[in-house]
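Naming follows writing order (A, B, C and D), and every chain is counted from residue 1.
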Amino acid sequence: MPFVPNPEIGNRIITLMAALVLVLQIAAVGQRGIVSSIRLFAVQSFLLGAIAAVIAYFNQASHIYIAALLTVLLKAGLLPRLLERLMERIGIRREIEPLINVPLSILISGGLTLLGYVVAESFYHPEETSARAALGHNTLAVAIALFLIGFFVMVNRRKALTQVLGLLSLENGLFLAAISLTYGMPLVVEIGIFFDVLVAVLVLGILVFRIGETFDSMDVSKLRKLRE
Amino acid sequence: MYILSVNTGFALSVAAYAVGAFGSLACWQKPSLARRICCNFALTGAVLGGLISVLAILRGTPVAWSVPSGIPLFAYSFSYDALAGFFNLALAILVAAVSTYSFGYLKEFEGKRNIGLFGFLFNLLLLSLTVVFTAANAFLFLIAWEVMALAAYGLVIFYHEDRETRRAGLLYVIMAHIDAGCLLLGFALLINSTGSAEFASFRPLSAQLNGGQQTAAFVLFFLGFTIKAGVIPFHIWLPAAHPVAPSNVSALLSGIVIKTGIYGMARIFLDVLGGVPSWAGLLVLIVGVVSAVLGVLYALMEHDLKRLLAYHSIENIGIILMGLGAALIFRVAGHPTLAAVALIAAMFHTLNHAIFKCLLFLGAGSVLHSTGTRNMEEMGGLIRPMPVTAFCFLIGAVAISGLPPLNGFVSEWLTYQALLAGFGAIPGLTRILFPLAGSMLALTGALAAACFVKAFAITFLALPRGAESRNVHEAPRAMLIGMGGLTLACAVLGLGVTWFLPVFDAMTEQLLGQRVSSHLVSGHGLVLSAGVRTSGTVSPLVIAVGLLVLMLPAALLVAIGVRSFGRKRGPVWDCGLPGLSEENEYTATAFSKALRMIFAVLYKPRREIQAVFDVSPYFPKEIRFESEIEPTFEKRLYAPLQEFLFRVSSRMRTIQAGSIHAYLAYIFVTLVLLLLFGVRK
Amino acid sequence: MVNVAAFAILLGLAAVLVARVLRSGPFSLWDGFFYADALSALVVLLSAFVSLVCSIYAVGYFRREESSGVLQEAKEVGGRFAVDKLREYYALMPFLVFAMTLVALANNLGILWVAVEGTTLASVFLVTFYGRDTSLEAGWKYAIIGGVGLSMALFGTILTYYSAYGALGTDTLAGLNWSVLAENAAQFDKPTMRLAFILILLGYGTKAGIAPMHTWKPDAYSEAPIPGAAMLATGVLNCALYGLVRFYILTSKCLGPQFGSRILILFGLLSMGVAVPFILVQKNFRRLLAYSSIDHSGIMLLALGFGGPLGILGMLLHMTFHSVTKPLLFFCAGNVQQHLNTDLFRKAKGGLIHSMPLTGAAFLLVTLAVTGSPPFSFFQSEFTILRAGFARDHFVLAIFFVSFLVLVFSGFLVHVTGLVLGENPGLPAADTCRWKKYSVAGLAILIVVMGFWIPAPLFTLIKGAVGIVVGG
Amino acid sequence: MIEVLINSTLQLVLLLLVAPLVSGTIKTLKARLQMRRGPGILQSYRDILKLLRKGMVIPETASWIFSAAPYMVFGTATMVGLMIPMTTTHAPFSLFGGVLAVVYLLALGRFFLALGGLDTGSSFGGLGSSREMTISAIAEPAMMLAIFTVALGANSTNLSEMAKVAVGQSWRFLAPSQMLAFAALFIVLIAETGRIPVDNPATHLELTMIHEAMILEYSGPYLALIEWGASIKQLVLMTLLVNTFFPFGLSSDWTLQTIGVGLTFYLAKLLVLACLVVLVETSNAKLRLFRVPELLMVAFILGALALISTFLF
């Protein structure tokens, strides 16, 4: 009789990690430097991978291991590299000034987290997923919050690169939601999605690169030629 | 008796138009061939169509048939009844004249303009017109309706190089689209309550519609049809668009195209809906009065011959609406025979106006053709170089002024009788409206007479005022034949009205279940009588003959006088200052001066006089005088509307300011809101 | 050239597919990886048609571009040679088309999402094709907004999966398969489905250019090369709407039609209303086209919202006509732009009919057609939609609908007549290139014909699709 | 048929004879009232005869319209004269045209006369035509309203019918509606026949003149026709007034004696009306042209009131 994992512990761990992820996200909102936000993103993605692994471990859902592995490799490993490389290639300046000042934006992200909880409340039904349940609720809320905050980051930040980061963290939110709700999508879909994310980042990277060399500034709020 | 059945005949005439359209388009590189194809096939179609309409009217019973369309949603279904027959008859008469006229008129296009295209649009217009009059299915009706508008648009902007023309065309087609929209809504309303687009399926409907739906349906259709008919205040496109088109097209536009609005009202209000509430009838009557009076008043101030005619179309549509409104009211009030008389008045005036307005536009066309200007102040003395045109125009002028013994008089007389009868028939205070409307009709008639005195005299009489009208020539024969036919029609419909009346029996029976022509004729078929309630009578024929007879003794006296005491030509009395020249002539502006002063409230005239002085202010070297009236509706109603639209639109443009953050923010906010919306049940 | 052939074959295949579907109902391949019913067959058919037409036109278009040296300009900026640019285009196109086909044929809603994302990624480089700074800007906006939108769509898909999860239990491969979901959509978890639908609407709505997610459209359409823009405006639009419709079916099965239709009507009218002012006052005729397609997607959404057999029929008819008509509009605009080297009304003197009679005539024709005036085919669909609206007693909405249509008509006509008509500015004669001529003339004829005749099989196909959506 | 012919010839003769007499009488009475001797009653006959026996000068600028106008004026006036009951309730042509025909026939004559005025190219003619058409145009509605009031009472627009009904109730003219209608029609009569205060028939070459300016270029027999026609028109309008409002002496059958009675009554009534006209003409000054509309507006209001009062009382 092998060691039977105790769901309770699992839930604790996952909730803790999820909380951490959320904290990281909010930190990213407050973060000024690009490099450090990339780092933050890397750590966050790593945590997600870990969450996935934990879930896989506690539910003997083998295919989630793959998802976890992919996450760690892609989001925690490959993408940050790429982005940093890109950053060096363009050699952009450090400081980035958000449209909304830091305290306020942190406040807003708090509000968004709240919204996340409200939304999660509205449709989360423990009884349906009885045994594995408990991890759902908080995690789901966190996922939604991640999504919204990522979106907010995209609205808020001026630099092309940080918008990409926002998009990526938003994707993280989706990933978290996916695994915490349904233990991942069917494998084909998972792989497809990962592939897409990868390509998307490549495409965006190329664009960022070109913008960088065309406008010698990464400030996308300066891109206002096309208007009525 | 019936050589060919109605529907095959109809198909043939449609086919003729179609061949004319595509044939002339096909050989657009050979102008003269294209011209022949265009005119010949139009003529053929007209002859066939006329034949069929006569057949249908004689037979009386409607012929309905249906053609499978390529669109699975709908079938093309037609119904050729008396009403359709009547309007097709009018169409046929006009087209016959106009296409004959065009043989000569289009010659000048050769080498200059694309006659193939013209022929295509021209025949397409005719085709859509006859389909509009015959369609028995909302879908088909709307398609034909809009094709008609688009073809007309194409013809209006035929001289699209001219900026004014383009603007006029746009105004026209946009208004046309608005009215199509109204009809679309109206039909959708009806279709929704029956589930079928067939007119036949609407007929039983009138009972089921609740008050709100009835009102909505009436308002929508009324809007749609009045816009098309160019009724004030929806008229602004008409005086803009009709003058700029080639004259043979203007003749059709004013002659028959705006009448589709009248047709629509008759078809929907009387036939399909089977009557409307009495307030609606009153509305029609009042709108008619307003647009008759205002139309003629605006016409008086015009010095552009074709614009003047266009405004008279507005006026006459008003007169027609008086009759129609009376018919609607009587029908609701339960006086079918009276309604029939009123309807006959309206329809007869429709036909008459079609004929003489077409005639006048063709006349204006040949004047334009030889002088090259539309401005009356440049014309004058044309009666000598172009006598035939002048004569035709004179007849048209007498007819449109409603003077006896021509057709205009007869239909206005019938309208008077209908209105007078209304006073006796309708209870309550509203009855006062009828004689008042009658007096306004009198005002309209008199003003129209004044206006056409101006139009004819300034154009054709006295000395040429401008270089354009100095050395001009008579129009080619084909054009004269076209006009001559219509002139004859004016006389025949006036003098022979008593023999023509039975034509209306089938229609009145179909729409009101009454055959009244026998009531309307008395005195050995010579006398037209008001029929039922009031017993007024008139006999244009006797009047005409009588006039001739009575002129004989006068002529005799004059002849004697002239024989014994001679007659010589002398100079005009020039107050002793020798050298009376065209500068001394009375101008159109001067002629309308008195009325401009009297109705200053309406016109808000603006005049400026600049005098250039030489030595002392008492001897001005030259004086420039210019005067213009305020286009009230354009200025007060439409301009602000457009202004508003554009201001709002320019405001809106700030939402597309190019900032990606703003764009993302839109989505973000929408998302948050919708999430909240989704959360609360 | 190769593309033309390839897409011709594709069209043939699509026709075969349609025939098969018509003959023997829906079927699936590769143990349910591919799935085709009338709806997807219709979309595939349209995509194939559009891509064929566009590729034919593209040949002429790019020859002109090469000769006029626009691509050489692009070289300096993009840092690549003209030929490479062409190669790039001809390489991207098949990807795009492949993705579009996959969207329609994928059984798994996840794969559907992947494919839609694929269309975005393939078309980003179409937008940045000319490598101008403006096109980069457009590309960036397109990519970012599209990315956000699609991630919302993905979220929606996940939630759908979750709401089905309760009902189906198993998380097999088939867990997101349409063929499975469609059967037992009724037992889905309702609140989740509601959220899912909202997210899906926003997501695929972004792709379809529904206001207020439409903002990328004018930029992208005015920057992409004409054939690409035409593809975006028709094929990709269809794909997005297709996805939306699929989820709409699930939602209305799960929650009943009311919930979805209210939001759809809201957004549909909003899009039409947003498009109108920009059409009325517009300086740039390629942006004009973009707003027109926003207007049209609004109309289709509205039709979907009105629902009922009539509404859906109206929507699918509209989709069909739109895919046939819109390309011509783009081609005419393209010819004009290449002729004048500008896309601003201000710089165009008017009177194009003299120098380019065919394009001018076609432009007027297609303007009338696209603004839905009879006898052109849009009138049929819009009439049907109006009836649907009345059937649901949306009287006021119907009035709004019609007045928007009228306004759009006016705006379009004012602009286009100003461009096409007028006295001859004395430009050299254009309309020489055969490829362009044939594609324009052919489409023009097709449009006129479709106004009076719809091939019976096509109509039965549409009917079938309606049956699927209404849930017959 | 024969009967109609006889009647019409008789009435025609009556018209042609009485019309100049009436205008002559008016002239004389006016002169007397102004303490002048004035011309004799028969002066108008002399004028016409004189004119008929003069040669005429036609302006070089004129076309055939100029020559057609006099015939039209004369023809329409006499035609109208045949439609209106004079001595008996039965007018020979009443069947062929009622009051509407009367109004429109007069309009026809005016139409051609105005054309004739413009045809010469002289400013006087234009001025006259313009004013003539204007004033008649704004006189029309008032006239129609007043006539309608009577016609609606008689339920017919035929003058004989109206006369018959009137004979039935001789004292009807005391009804307010009739009074008002009469007043309105009287004003219209003044305007239509070109009398002070609207127009001054006695002036020449003044810028105030209307009718005279229009016919300035006519001479000889043409002028005779026009003058004669004008006087007939005046007679017709006066007859309209007297016979529809005061139907005394109108007989419905044809015996010499009734005709005699009718004729005497008729002339007497005409005389009274003539006196009325003369009084108005002498006691008023000519109005400015742009004051005339106000006068006619008054007439219109009177007509409207008449109409309303028909079914109030």
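In the analysis below, a contact is a pair of C-beta atoms (placed from the backbone, for glycine too) under 8 Å apart; a residue touches a chain by one contact, two chains touch by 3 or more.
On a predicted model such as this, the values are computed, not experimentally measured, just so you know.
Enquirer: Between B-D and B-C, name the chain pair that shares the greater number of C-beta pairs in contact.
Expert: Looking at B-D and B-C side by side, B-D shows more C-beta contacts.
Enquirer: Farthest chain from subunit B, going by mean C-alpha coordinates, please.
Expert: A
Enquirer: Counting in whole Å, what is the centre-to-centre distance of subunit B and subunit D, each centre being its mean C-alpha position?
Expert: Once rounded, the distance between the two centres reads 35 Å.
Enquirer: In whole angstrom, what separates the CA-based centres of subunit B and subunit C?
Expert: 44
Enquirer: How many angstrom lie between the CA centroids of subunit A and subunit C, rounded to a whole number?
Expert: For subunit A versus subunit C, the centre distance works out to 32 Å.
Enquirer: Averaging only over C-alpha atoms, locate the centres of subunit A and subunit B and give their separation in whole Å.
Expert: 71
Enquirer: What positions in subunit B touch 2 or more of the other chains?
Expert: Residues 653, 656, 660, 664, 671, 675, 678-679 of subunit B each touch two or more of the other chains.
Enquirer: Could you list the positions in subunit D whose residues touch two or more of the other chains?
Expert: As it turns out, subunit D has no residue touching two or more other chains.
Enquirer: Provide the list of subunit A residues touching at least two other chains, using ranges where the numbers run on.
Expert: Expected reply: 119, 122, 151, 154, 220, 223, 225-226, 228.
Enquirer: Which pairs of chains touch each other in this structure?
Expert: A-B, A-C, B-C, B-D
Enquirer: Would you mind writing out the residues of subunit A in touch with subunit C in their complex?
Expert: For subunit A paired with subunit C, touching residues are 119, 122-123, 125, 128-129, 147, 151, 154, 160, 163, 167, 170-171, 174, 177-178, 181-189, 192-193, 195-196, 199-200, 203-204, 207, 210-211, 214-215, 220, 223, 225-226, 228.
Enquirer: Over in the complex, which subunit B residues touch subunit D? Could you list them?
Expert: 381, 383-384, 394, 398, 401-404, 409, 413, 416-417, 420, 423-424, 431-432, 435-436, 438-440, 442-443, 445-447, 449-450, 452-453, 456-458, 460-463, 523, 526-527, 530, 533-539, 542-543, 546-548, 550-551, 554-555, 557-558, 560-562, 564-574, 580, 582, 584-586, 590-595, 597-598
Enquirer: Under the touch definition given earlier, write down the residues of subunit D that touch subunit B in their complex.
Expert: So the residues of subunit D in touch with subunit B come to 12, 52-61, 63-65, 70-72, 74-76, 78-79, 82, 93, 95-98, 100-101, 103-105, 107-108, 110-111, 114-115, 118-127, 129-131, 133-134, 136-145, 148-149, 151-152, 155-158, 161, 216-217, 220-222, 224-225, 289-290, 293, 300, 303-304, 307-308, 311.
Enquirer: Would you tell me which residues of subunit A are touching subunit B in their complex?
Expert: Those residues of subunit A that touch subunit B are 99, 115, 118-119, 121-122, 148, 151-152, 154-156, 158, 220-221, 223-228.
Enquirer: Within the complex, which stretch of subunit C touches subunit B?
Expert: Touching subunit B from subunit C are residues 140-141, 144-145, 148-149, 152, 191, 194-195, 198-199, 202, 206, 212-213, 215-216, 218, 263, 274, 276-278, 280-281, 351, 353, 368, 373-375, 379-380, 383-384, 386-387, 389-391, 395, 398-399, 402-403, 405-407, 409-410, 413-414, 417-418, 421-424, 452-454, 456, 459.
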